[in-house]
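Structures are listed in the sections that come next.
First chain A sits with chain B, and in the next complex the same chain sits with chain C.
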Partner chain A sequence: MQLTIQQADLAFAVGRALGSVSSKSPLPLLSCILLEAEAGSLRITGTDLDVTTAVTVPCTVATPGRVAVSARHFNEVVRKMPRGPLVLSVTGGQCEVRYGDGKGWSKFPIQDAADFPRIPDLKADTRVSLGGDVLSRMVARTIFSASSEETRPMLNGVLVQGGDKQAVFVATDGHRLSKATRKGAFSGLAKDGVIVPTRAFQTVSRIAEEATSPVELQVAGARNQAAFTAQVGEYRVQVLTRLLEGPYPNYEQVIPRGNPREMRVRRSDLMEAVDIVASHADNVTRQVRFSLRPGRIGVSSATELGAGEHQLDAQYAGEAMEIGYNAGYLMEILRSIPTEEVVFRLNTSLAAGVIEPVGALPEAEEEMLCLIMPLRLPDAAG
Partner chain B sequence: MILLIDMDAFFASVEQAHHPHLRGRPVIVCGDPGRRGVVTAASYEARPFGVRAGMPLQQARRLCPDAEYVEGRPEKYVALSLQLLELYLRYTPDVEPFSVDEAFVGLPPPGVRTLEQAAAIACRIQEEIASRFGLGASIGVGPNKLVAKLASGVRKPRGLTALDEEGFRGEFWPRDVEHLWGVGPKLAVRMRSLGFKTVGDLAHAPEPVLRGAFGVIGPQLRAAAWGRDDTPLIPYHQGVDPKSMGHEVTLPEDCDDPEFLEGTLLRLSDQVARRLRGEGWVGRTVTLKLRDRAFETLTRQRALPDFTDDHARIFEIARALFRIAWKRDPVRLLGVSVSGLERSPAGQGELFTRDERGRLLVRALDRVRDRLGEASLVPAGSLTHRRALGHVPFGALSARALERKSPLGGGH
Partner chain C sequence: MAIVTLSELLGQSQASGFLRGVVAGGRYANAYLFHGPAGVGKGTAALAFARALLCDRAPGAAPPAAPAAPGLFDAPAPTAAAATPADDACGRCAACAKSAALQHPDLKFLFPVSGEERELDATVAETQAAMRGDPLFVFTYEKAASIRLSLTRDLLRELAYRPFEASRRVVVVRDADRMREDQYSALLKAIEEPGASTVWVLTTARLSRLPATIRSRCQRVRFAPLPEKLVKEFLEQRVGLAAREAGLLAALGGGSLARALAMRDTEPLRLRDDALALLEPALRGDPAALWKATQSFTRFGRSGRETLRRMVEFHALWLRDLLRARYGAPRETLVHRDREAEIRRQAAATDATEIRRRLMVLEETLRAIEGNVTPELALFSGLSRVAGQRLGEGEWPRHATARWDY
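For the complex of A and B:
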């Protein structure tokens, strides 16, 4: 195997493929990336068997071939090499990279590429394409609510649903839920949707942000696999993932429609209040107390660490109410909403509350909604 | 100075004190005499026959067929235990219950400086226990918890042994390493394999060898062999947090029916969850205990990513562990416990599994069982083959429930 490639192209491909290489793998070969040179291109693949990233970049191939090298080490060295053409060749059981017109070289031990896990070709039965920016926004607006609990694996990802009118992304850990929608025809995706693991979406999201083409999502329902493919300039990036098995809980059923109390507040004010007060909150529950009064709310917390209270103006006309929240959940929700104001639609201090942006999102075709379950305050009835 | 007051054959002695016809006779306290199970306590009269706590009841019957077999009444013992703590509190505020029948009592300066002064107080406590409750206690007196605990076992029953570090070494250095507090059978085997047979050998073991063989506890073991210990006494009124909560049951007969065994796990998980809720704890590590007919005991545990007091989640883990660990041999005993306890968070609401109605339901079910007893409501899945456990396994009542029934009720 021998080829000539631009340092920037190789560094990009290695860096992205590394994103799917597990840092502590039981199989030594899984800490490697696979380099495959074919006519005019080099494909670099990293996998942890659940999520696989394959990047194809242009190059001049003198001799085609396949080789596996240690992902982290190779990345570290290639990253530092000077810009310009590199000559990559496999000789004498080592992978050699020459740079700077013969100024320098590095050699890397190689592993037998034949043992590298075979990445199956996806036999897609449905496909849909989404703008890269749309995809990364939808992921960012939901992924933080996904669970990391092993006992409910179907919640360890984001539910992606399609249809004639909209695409819907939903994530929940059973304590909070976030939902993002985009109007448009996404009929390539099933209405009951697929569950994309959190880790796959973290990788996809990064690529979606830099994508110069729409991201194509292909699903092989029968094999429970999906692939996200996009162009980043001249590079073609594909992320393959196993999908999570459902059924996903019926989330529509838990979104309250007629919560009677409405509280509007400036998002940045509330974030500041919660952030300061939560410094005193219990490390496990992260509990902060909201005291709703006409025209204002108080956010407070008291533990053996200390106590604090923060008053802020709010539009609230309902009766006085005390309600507890996990500050961590609240901050993640508030951070995900882009509008200046947010509205809390509440029922009782024990029932699910809805948090939504006030006014339209910057993208008129998009909507979002979050749900949060309160923390029962020690002095609450019930 | 610290005392360790250990009640002699506590449960059996309580029964003898309350039932004059049992006095002077071998008494064996157990779960339910009509069933299988283990000896909970044996009176001193039963011990010459070789009967020991923890022994299977069948074996006890063979060894001592004429003993009186009495069903244990945990609420009575807990109530008495609390009365004993009250008694100690009249001498000093530093009382740390160590188990239902043992307590550490701290006698701090300036009142008490010497071993003799402490021993004199110990003697008064011993007499008061005898005159007020008709019970025997063995007391160890020492400069720290370790020496006090070990001294209490030197002379029994109704013994009083006061040892300073010097005296401790004289008494314990010739003894086998197992006699040291904290050295179990497995550790003892390893120590012997390294050539440390007695406590004295351990005291003179090179520290690097101990550190190499036992890690950080190596130097601690060596310090213990010298009678040195700086574990603080944690007074009762400051509260002693439990490390784990669990329930176990010896099955009516050895069983290899998966449905019945999993049903039993469900029942145990339910009891553990109930106790966690009752006492305001949540835990994150679930441990399964499995004992086969050959008395081989196996434990397996798995941590949850967060804390729970939900019986369904505890059961899910216990069952998953059981399915991995169980080799389809007949099972004698099953246990489920939850550790890694934390005070229950103020109650994070659940969107799906435990909605508000579900939570209210669980609380209502708890209240029914508080009033009508554990058997009034049980998970249907635990009733497989109609071989439900007819009685509440020992210890299934929560301490809170017991305290309510005790004359000292509401004593928090």
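For the complex of A and C:
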């Protein structure tokens, strides 16, 4: 195997492929990336068997071939190399990279590429295209609500549903839920959807942000695998992931529709208040108290760490009410909403509340909604 | 334990018929529990069932290759290459090749292992390689062998995902009774979860040791002891043993092919003669000599318990022969037919009740050896009582006299 490649191209591909290489792995080969040279291109693949990233970059191939090298080590050296053409070759059981017109070289031990896990062919029967920015936005608006507990593995991901009218992304961990929709025809995606693991979406959304083409989503016929493919400039990046086993809970059922009390507040004011007050909150529960009064709300917290209260103006016309929230959850929700104002739709101090943006989102075809369960305040009745 | 298909199972026509019906019907329970005596093919059937569930049933281009070595529980090779069966693994598709090598990503195979946790991966890999390489492979466990917690944890993590490439995933847990209480609890939810694309197959030779919560969530499939004749034929044809040795091993196996196989390298005839000779001092009424003789067998070290257990079994078989001879059984039905004259003589001199009493003594000795009684002590006391050395009141330790008073 011998080829000539630009340092920037190689560094990009190695860096992205590294994203799917797990730091500790039972199989030594899984800490490697696979380099495959074919006519005019080099494909670099990293995998932890659950999520796989493959990047194809242009290069001049003299002799094609396949080789596996240690991912971290290779990445560390390659990204420090000077810009310009590199000559990569495999000689004498080692992978050699020459740079700077013969000024320097590095050699890397290689592993037998034949044992590298074969990336399964995706027998895709559905295909959906989403703009890179749309995909990364939808993911950013939901992924923080996904659970990380292992007791309910189907919640460790984001549910992606399609249809003729809209695509829906949903994530929940049982304490909060976030849902983002985009209007359009996404009939390629089934209504009951697929559950994409959080880790896969983290990788995908990073690539979606850089993508210069729409991201194409393919789902295998057996609904066990999905692939996200995008073009980043000259590079073609593909992220393959296994899908989580459902069924996903019926989330529509838990979203309250007729909550009677409505509280509008400036998002930045509320974030500031919660941020300051939460410094005193309990490290585990992160509980802050909301005291709703007509025209204003007070955010307060008191533990042995200290106590604090922050008053801010709000549009609230209902009767006085005390309600507790997890400050961490609340901040994540508020951060994900792009509008200036947000509205809380509340029922009782123990029932689920809905947080929504006020007014249209910057993108007219999109909508979002968050749901959060209150925390029981120590003095709350019933 | 070999890796075969359902149609190649040895014996167990009822169980394999049921399983093939399940495969053909295409409707599966969440979990199956294969139970029955040890070494009759439950584990082999579990893997065969798993292979049938994972098979692509794609008629491959290549005809089925003749197996390099005949398997442990397999029936005679099929005469003609049948059309792709609907109720069994085809043996030709890519999925079948992978499952035969235990490399199918959607076949999870758990079995008890012992040894250091950090060498666990190597131990598991070694055992699987041994299974693949040796069709006569027999699982033997140390007393402390168990299904490891770390393995069940990995399994649960894997269950979160959709199956890798097949439409379903099969989890085979061999000797599922060797788990800790909390592992059962952890698996409960996964086992009963409806709609999950996972089929569980548990096997156990000790049904009562599985918690009722697990048992009640599984459809049970019973496995019977194998007929002696089948085991004998297998030993002759597949292992290449002489007829006499095969007959002895088959009889000693008591319907368990695995047990018969495990004994094949231990010179069973010599061990038998040693064992039967042990009774001599007991019959002479010389406990000191008997004690000395039993002690000479502690040299087996770790496997000593197993050796002593087998020696007791030889005695039991001898008594069984006596009973058969008393009722006029022909020579070929006797296990120890090489010592027929001796058997006929003793049979004529001993009444059936006495033989039964001795058998009960031996049974209790076996139980004692399985438990934590010092094995040579158990053997000593067992043989003493077989020889009729009933000690008078006050001569045995008092606490045990009631149990020995047959």
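One rule holds for everything that comes next: the second predicted complex is superposed on the first by the 380 of 382 C-alpha atoms of A that agree within 3 Å, B and C clash if a C-alpha of one lies under 4 Å from a C-alpha of the other, contacts with A are read in each partner's own complex, and residues count from 1 in each chain.
The definition used in the following text is that contacts are C-beta pairs under 8 Å (C-beta built on N, C-alpha and C of every residue); 3 or more make two chains touch, one makes a residue touch a chain.
From a predicted model like this one, the values you see are computed outputs, not experimental measurements.
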*Could you check whether chain B and chain C clash or fit when both are placed on chain A?*
clash
*asked:* Quick check for you: in the superposed arrangement, does A:His175 touch first (chain B), second (chain C), both or neither?
replied: first
*Using the touch definition from the top, say if A:Gln231 reaches chain B (first), chain C (second), both or neither.*
neither
*For A:Thr4, select first, second, both or neither according to whether it touches chain B, chain C, the two together, or no partner.*
neither
*May I ask you to decide whether A:Ser187 touches chain B, chain C, both, or neither, giving the answer as first, second, both or neither?*
neither
*According to the contact criterion defined above, which of chain B and chain C contacts more residues of chain A?*
B
_With both complexes overlaid on chain A, does A:Asn259 touch chain B (first), chain C (second), both or neither?_
neither
*Give one of first, second, both or neither to describe whether A:Pro378 is in contact with chain B, with chain C, with both, or with none.*
first
*asked:* Is A:Ala351 touching anything from chain B or chain C once the two structures are fitted on A? First, second, both or neither.
replied: first
*Taking the superposition as given, does A:Leu244 touch the first partner, chain B, the second, chain C, both, or neither?*
second
*Looking at the overlay, what does A:Glu150 touch: chain B (first), chain C (second), both, or neither?*
both
_After superposing on chain A, which of these stretches of chain B ends up overlapping chain C: 1-9, 55-63, 73-81 or 253-261?_
253-261
*chain A residues contacted in one complex by chain B, in the other by chain C*: 150
*Using the touch rule from the top, collect the residues of chain A that touch chain C in their complex.*
26, 50, 120, 150, 153-154, 156, 197, 222-225, 242-245, 247
*Can you list the residues on chain C that touch chain A in the complex?*
121, 156-157, 159-167, 195-197
*Which chain A residues qualify as touching chain B in the complex?*
148-151, 172, 174-177, 249, 254, 282, 284-285, 287, 324, 326, 350-352, 371, 373-378, 382
*Okay, in this complex, where on chain B does chain A touch?*
304-307, 313, 316-317, 342, 345-353, 355-356, 360
